[in-house]
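Heads up, the next two complexes both have chain A, just with different partners, chain B and then chain C.
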Partner chain A sequence: MPPIVSIENLFLGFGDVTLFDGLNCDVEPGSILAVVGANGSGKSTFVKTLLGLQSPMDGRIEWPVGKPAEIGYLAQLTEFDRRFPIRVRDLAAMGAWQGFNPFAGLNKTTRNRVDAALEMAGILDLADHPLHTLSGGQLQRALFSRVIMQDAPLILLDEPFSAVDQYTEQHLLSVIETWQSEGRAVIMVLHDLSAVLDHCTHALLLGNGRASFGTVDDILTPDRLIAQGYMSSSQASWMFRGQSNGGMR
Partner chain B sequence: MFAEFMIRAFLSGLGVAILTGVLGCFVIWRRMVYFGDALSHAAILGVVGAIALHVSAYFGVIALALILSVLLFTLTSRIQGADVILGVFAQTGLALGLIGASIWGRGLSIEAILFGDILAVGWHDIIFIWIGVAVILGIILWRWSNWITATLGDDLAASVGVNAKHESFYLAALLAIVVGLALKIVGALLITALLIIPAATARRFTSTPETMAVLSVGFGSAASAIGLWAAYVFDWPAGPSMVATAAVFFGISQWRSAV
Partner chain C sequence: MFELTSEMFSYAFMRRAFVVTTILSASVAPVGAFLVLRRLSLAGEAMAHAITPGVVIGFVTAGLSVTSLLFGGLIAGLGVAVLTAYLARNTILRSDASLASLYLIALAIGIFILSAAGSAVPLKSFLFGSILGVDDASMILVGGVATVTLLTFALILRPLIMSTCDPVFFESQVKRPWIVDQGFMFLLVLNLLAAFKTLGTLMAVGLMILPATAARYWSGTITAQLGLGFIFSLLSCWLGLTLSYVLPETPSGPAIVLVAGAIFVLSALFGPLGLRGQFSATPKS
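So, the complex of A and B:
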């Protein structure tokens, strides 16, 4: 099966500053790619480039089966203004962009899809609540329901678990695994390495001007994490302390 | 019951309340209050320019506001410290407008430009405003979903194929036209008040963007009508009375939500 997106010799940066260079990677259907790196290494810039909001300094982004009309996207929670007057149900419905008319209301099929998406995200009981009444975890679930409604082959998640509790994180990870089983590709920016090791198939490690792509086992090694400035040697030795007994998994 | 000039004032006030009510929601959601302020202050220069060039004041104000919105939009999206750029434009526009008025605007009422003169509107003004209402409402309905998506975030808009920068520019251009249409009614210093106060009042009572827009129009229309009535009965200035009435609604809404 051809990759959804194929990246060749990608250079990203601003002005004279190169964040990383020479990235080559293919993102296959059914894969979960974790984008990991220190602050300022280019993780969010990479996501914005895939969305088309930023141009690469060099290199190519190819879409072998055509660029999807929509890319599922979840922004960082801190970027969302929760005072915007919208109910959970309406936020989810905005994911069904092509058939959504806020003045005409939703047809029965879309209403059913919205309910199913809210149920999958575990927030159906809050469907008629305005966003400003939600907790951080509930808001993240509501935003996930919008991504579910997008029904996109490629899904980008920018720090999806940064402001949620462990229970919510586990639930949202199960949603991501459902997407994987449906053959969608998921690219997510993460800081929590345990989530990466347990749930992702591939990793893209950014830092110190380099980009390393491969399977999680090949990329997230102590040597690479230290060399690319993601953690210190003492942190790495603590993190991988059980590796001789079978590693973190 | 009322003199004809009051009926004209009411109709023009209603038209402006509809436009500012809906667009004011976007001004609040997208934090464009200072943008509207900069446009309205600088619009004085448009009035003076229109007098100097012997063209309609509406044309002068709308043309200048459109040019400024392009300039402001380009500069504020590229330069850090957008509030500084907007502040410079607002105050410079006001200063140049007043200088221009002293050169070309003999007999021009500065007070009318700053605070409006709704009681002086003619039927041709009303026709012009209501044609504006019809056209602008049509554009707003057409772009509504795109603008709501762009308001939620540039990245989110890009993910569904909406160019947030383009949509923001269309919105800024429409705001410029509304400033031009409303200048004669409430004046350069009070247009921003009609853009933000009814919408901010409506936000207290709504859970969807559509109901906020409808309620904002309702509060703006009521403030316009009651303000005009108060101006008629108590011999107060009309534009400030409308704004003061809107502020009373806002105060009540804050009190209601606090108890």
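So, the complex of A and C:
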């Protein structure tokens, strides 16, 4: 099966600053890629480049089966205006907005899809609540339901678990696993090394002008994390204490 | 009450004033709602000042006609809007600081030309409008602006809601997100010009912002916000015009905005999202 996105010799930066260069990777259907790196290593720039909001300095991003009209996208929670006067179900419906008739309401099929998406995200009971009444975790579930509505082959999640509790994280991980089983590819930017990495098939480590891509076990080793400026050697020896294989798991 | 209304409507200028402000309400209400929701309430006020030089130059060169007002105001307003977006995108200044700088320059140019042109310029009507002397051309202007505004809103409502609620997501979904932003600024300038003739430069934004902020205290959905904003706007115009008729010598523009202000205060006091307290600025944990 061809990859959903194929990246060749990608060079990202701005002005005289090089974030990283020489990245080659294929994101296969059914894979979950964790993007990890210190602040300023290029995680957000990588996401913007995939979304087409920023041009690479060099290299190519190819879409072997055609670039999807939409890429499922979840931005960081901090960038969202939670005082906006819409209900949870309207937020979810935004995910399918490009197919809407501007002069008509939502048809029955779309309304049913919205209900199904809210149920999958575990907030169907909050469907008619305004956004400002939601907790951080509930809002993240609502935003996940919008990504579900996008029905995209590639899903980009920017720090999806940074403001949610453990129970919500577990539920949202089950949604991501459903996407994986449906053959979608998921790319997650992660701020911390956490148990979430257990669910990832691949990792992309950014830092110190380099980009390392491979399986989680191959990439997130103490040596690489130290070499690419993600953590100090004392932090690494504490985090990986008692592990004989040197990797995260 | 019946006698008052029948006496008031026996005057053609009052009938015209009621018709033109009714149409104006339908047009400015959605613009005001999105100004508030896009956190551009003060930018609306700034844009009202930014159109001044265009209107003044139009007046000095071609007289106080609807055409000169429309073209002069549109050029000045859109010029400031485009330059603001350009500076915000390409320099360290954010859009609020860029807009503040440019509108102050525009306002100074306007006042400078206005003063240099001498006493021939009706300063009071520039500041407070002349709602009681609305001519056919002004009515056509307001009607035309309302038609363009409502049709455009029908077309871009969903993208506008998305770009307001979650601009980062919206940018990731469309190739040219700036079309919606600039399209909205175009509608803002157009409506300021429609309101400018009738309410004046000082009061034009009042009819946009106050009904919208008052409506926000009552509404949990965008539909309710738009509908209630229109009703409050209409109520302000009708009661304000009546007040201005009952109390001679009181200008109609400030009377309308004062009524809108009273509705705002009552909404803040009694609206479910106001001081009565169902809303908390910090989210639940």
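Going forward, the second predicted complex is superposed on the first by the 239 of 249 C-alpha atoms of A that agree within 3 Å, B and C clash if a C-alpha of one lies under 4 Å from a C-alpha of the other, contacts with A are read in each partner's own complex, and residues count from 1 in each chain.
Quick note on the criterion: contacts are C-beta pairs under 8 Å (C-beta built on N, C-alpha and C of every residue); 3 or more make two chains touch, one makes a residue touch a chain.
The structure presented is a predicted model; accordingly, all values stated were derived computationally and were not measured.
K.L.:
Taking chain A as the common reference, can chain B and chain C both be placed on it without clashing, or not? Answer clash or fit.
P.N.:
clash
K.L.:
Looking at the overlay, does A:G37 come into contact with chain B only (first), chain C only (second), both, or neither?
P.N.:
The answer is neither, since A:G37 touches no partner chain.
K.L.:
Answer with first, second, both or neither: which of chain B and chain C does A:L134 touch in the superposed model?
P.N.:
Touch partner of A:L134: chain C, not chain B.
K.L.:
Report for A:P160: first if it touches chain B alone, second if chain C alone, otherwise both or neither.
P.N.:
The answer is neither, since A:P160 touches no partner chain.
K.L.:
According to the stated criteria, A:L53 is in contact with first (chain B), second (chain C), both, or neither; which is it?
P.N.:
It touches chain B and chain C both.
K.L.:
Is A:R82 contacted by the first partner chain B, the second partner chain C, both or neither?
P.N.:
In the superposition, A:R82 contacts chain C only.
K.L.:
For chain A, give the residues common to its interface with chain B and its interface with chain C.
P.N.:
Comparing the two interfaces on chain A, one with chain B and one with chain C, the shared residues are 51, 53, 70-71, 73, 75, 79-81, 84-87, 90, 94, 97, 100, 102-103, 130.
K.L.:
Flag every residue of chain B that touches chain A in the complex, lowest number first.
P.N.:
Interface residues on chain B, with respect to chain A: 29, 141, 144-145, 148-149, 151-156, 158-161, 203, 206-212.
K.L.:
Mind pulling up the chain C residues that touch chain A in the complex?
P.N.:
Its residues touching chain A are 37, 154-159, 161-162, 164-166, 168-169, 171-173, 216, 219-222, 224-225, 279, 283-285.
K.L.:
Would you pull the chain A residues touching chain C in the complex into a rising list?
P.N.:
51, 53, 70-71, 73, 75, 79-82, 84-87, 90-91, 94, 97-98, 100, 102-103, 130, 132-136, 139, 146
K.L.:
Under the definition above, what is the set of chain A residues touching chain B in their complex?
P.N.:
47-48, 51-53, 69-73, 75, 79-81, 83-87, 90, 94, 97, 100-103, 130, 150, 152, 156, 158
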